[in-house]
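Next up is a structure, given as structure tokens.
Chain naming follows the written order as A, B, C and D, and within any one chain the residues start at number 1.
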Amino acid sequence: MASKFYAVIAGVGSGTGRSVALKFAKTYPVALLARKPESYNDIVAEINQAGGRAIGISTDTSDTKSVVSAFEAIKKEFPDGKLAAAIYNASGGFSRKPFLEHTVEELQQSLAGSPIGLFNFAQSTVPLLLSSVDVSPPPPYPPTLIITGATASVRGSARFGTFAAGKFAVRALSQSLAREFGPQGVHVAHVIVDGVIDIPRTKEWSVNDGKDDGKIDPDAIAENYWYLHTQHRSSFTQELDIRPYVEKF
Amino acid sequence: MASKFYAVIAGVGSGTGRSVALKFAKTYPVALLARKPESYNDIVAEINQAGGRAIGISTDTSDTKSVVSAFEAIKKEFPDGKLAAAIYNASGGFSRKPFLEHTVEELQQSLAGSPIGLFNFAQSTVPLLLSSVDVSPPPPYPPTLIITGATASVRGSARFGTFAAGKFAVRALSQSLAREFGPQGVHVAHVIVDGVIDIPRTKEWSVNDGKDDGKIDPDAIAENYWYLHTQHRSSFTQELDIRPYVEKF
Amino acid sequence: MASKFYAVIAGVGSGTGRSVALKFAKTYPVALLARKPESYNDIVAEINQAGGRAIGISTDTSDTKSVVSAFEAIKKEFPDGKLAAAIYNASGGFSRKPFLEHTVEELQQSLAGSPIGLFNFAQSTVPLLLSSVDVSPPPPYPPTLIITGATASVRGSARFGTFAAGKFAVRALSQSLAREFGPQGVHVAHVIVDGVIDIPRTKEWSVNDGKDDGKIDPDAIAENYWYLHTQHRSSFTQELDIRPYVEKF
Amino acid sequence: MASKFYAVIAGVGSGTGRSVALKFAKTYPVALLARKPESYNDIVAEINQAGGRAIGISTDTSDTKSVVSAFEAIKKEFPDGKLAAAIYNASGGFSRKPFLEHTVEELQQSLAGSPIGLFNFAQSTVPLLLSSVDVSPPPPYPPTLIITGATASVRGSARFGTFAAGKFAVRALSQSLAREFGPQGVHVAHVIVDGVIDIPRTKEWSVNDGKDDGKIDPDAIAENYWYLHTQHRSSFTQELDIRPYVEKF
């Protein structure tokens, strides 16, 4: 934990973001971004009490100034730090209903939280990741940007149009970033989370006939993210899917 | 041309939109939407002089009110008309440069012109297309919404991130609309135009070693759109690609 | 019909092949290949009685010698003819059952009828199509090879493994042929037929809740194939999907 | 190493198979299949000398009887053993040349080594993997079948048709197996190895401008396979790509 390398996770709360934060905090100090302190306060406390180091910063990733300001705060907190890993786990609003009941505002929210948020996050993190590639001593693993996708990243289902528009756009950016910055040593990976995640909000949902492990364990997602971070640069994964063994696809 | 059916084409200018307008105007009266009158004035004149019927309406598809207002004007123009075909050929701004030189405004423009414009256009046209499905006498072909895509609809190339984000998002919406409204009788098709179109703006571009037909003839695109419109409802195409025979892919 | 150009259709019977043969026979003399005379006899008679010209040749496309021999017979029949279009509509055996109940012979049959058959057919037709590109007088449309695919061309569903293996392999060959011979002027297109075709064998099948046009009209497939054949070389389609408007996908 | 669980790797030699064998041998006794003893002898010796346990069996995976016989030998060697992981790393012959220079025998070899080999291997391993799912004591990780793919699994490039046909077909089978046996607790994963692997045979190849790590380290591939094997059943990956950071894609 004495490393000068740190990680940033955008979009922490009670699910994937929390698990990812806890996982990466075992190796790196972490900066956790969420709109509201109630989303990160408990996780920050949990990490710090366990002997790790975490800070939380209230950030609206869809707002460029808010993101720039967050990274100024991160720089103050880790003045000599180098960014080892950046995780974009935020998302636009999700709504499932007939297309004609959707409003353009709902689409704009999806886009704000998804491609625009990722754009802002990548504008701030990619330069930091690039500057970690050849730093001495070298980072333990190639500097990494990991992005959370969903079934809707590759499939525009009926009634899911506004959500899928945001998720497809995020995937486009992920591919483009991977192709531009991979050759410069930064690993950009996109993860298609194809299933319901087992978090407080989905507790009551009946999924996959209620079978054990029919929802995705967020800690298992975090294991995947950590694994992607540790991949050797001769074998970067750009995209992988994850789903429960019982999921129909 | 005595039909009560009409077509609407959004995004007309000197290329694909013009060719599509001329093609559909052989069968239907057409309403042509573009931001500025200079984009549609000549085409409107050309169609009307040839014995067809065309109107042009200055419309910013990224602006919901502007689109709603355009369709009010269309309704006044064709009070008893039924919409046979709607073409979304508008697009967000295209810029190719290193990611770190892109601004969030460029991404927003791409999104405004692509998924947001399509969303607004579909909100206005889908109800009209649905109301044409079972009208009597029936339309000559299934009511159709055709959407122009690009290479960047399926590939996030390096330096093309903001453009691809918009185009991926449009493809997501296209799929979602097809899945929701196909079963209600409306044909939604997405066309991946994978190559440089032979238009005034690209006249000087050297493409495919300057070979004949190395750029896509916009009239050929229009043939494809017309063909899609005429498909029998037992065999709707949701997506097809088109590219010059010499194009690398 | 006085043209020196002719077409060859492999895999004719009571469904797609028959409709494609009738459609292309309106413009070209046609040679129809099927394993058994009873598959083509009626169609040959129908075309000839209608004033067209057709021959049938018993051919096993999975057998290289049989295909070579068929094209020797075609050359005798059309000594000065030039090949305008070749359609590969044959397929390997279809079986849907648990993987562990499949035999390797079933897989081999799928491969024999699908990629091996297409390989043999393409070995014989591609040189003929190439020699039609620059012939004088020129062919009415770019010389074309069209290949029938299925849902299983892009999706390996449970219990469909052996069938999908053959269909995926056909798609691989189709792409490879398109990339090699497109730049030489030959149009290679792959059609994903995503639905049940309305033929005698499926008459009793209840599909899409029995809705009108819930099965694909084989004549509509033939329209698509003809359209692909007529595409301008500046806008070749490599792949398109077709499905009933009510099909879930 | 006292575990009753064992692993089988088909297609060992000097590259990926060897690395995978060494990696899995750290946890399980391993049975290594290859056509010729010279492909596995050194690896078997290396593992046994290091305190692991390995056997080699000369097997032609394209020959059903040969595969059945190999698994009889494995059963004798591990009479109380349960299969934890099966890796299919064999492949059909690779040839890159103009389509018209290919022979049907080359296609058949590609199919024999790819889908037919995988089919035979899966027919023998899937029942064993299924019987490991609920065994007591339980396996350390979900029983796993991992299959090696390539760029040609998802892209039919010019001149690569016969190779791609085999690889596409393997991918079809992989998807189908995943969809049938995932819900029964067996993890089936397909890995797209998109780049040149750094093995003796490619030593002299100039790849990615000769940059460090421009070829894929086979040990890195093995890490990926092991990681896939260890994934929690709530988050199985069906497909992932791996490529060097400098690879164009």
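By our rule, contacts are C-beta pairs under 8 Å (C-beta built on N, C-alpha and C of every residue); 3 or more make two chains touch, one makes a residue touch a chain.
Just so we're on the same page, UniProt names per chain: A, B, C, D = Diacetyl reductase.
Since this is a predicted model, take the numbers as computed values, not measurements.
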Of B-C and C-D, whichever chain pair has more C-beta contact pairs: C-D
Contact-pair overlap exceeding half with A-B, pair selected from C-D, A-D or B-C: C-D
Subunit B (Diacetyl reductase) and subunit D (Diacetyl reductase), separation of their C-alpha mean positions in angstrom: 46
Subunit B (Diacetyl reductase) and subunit C (Diacetyl reductase), separation of their C-alpha mean positions in angstrom: 31
Euclidean distance of C-alpha centroids - subunit C (Diacetyl reductase) vs subunit D (Diacetyl reductase), Å: 34
Sites on subunit C (Diacetyl reductase) at which at least two other chains make contact: 179
Of subunit A (Diacetyl reductase), residues touching subunit D (Diacetyl reductase) in the complex: 142, 179, 182-183, 185, 187, 198, 213-217, 220-221, 223-224, 227, 231-249
Sites on subunit D (Diacetyl reductase) touched by subunit C (Diacetyl reductase) in the complex: 64, 98-100, 102, 104, 107-108, 111, 115-116, 119-120, 122-123, 126-127, 152, 155-162, 164-177, 179-181
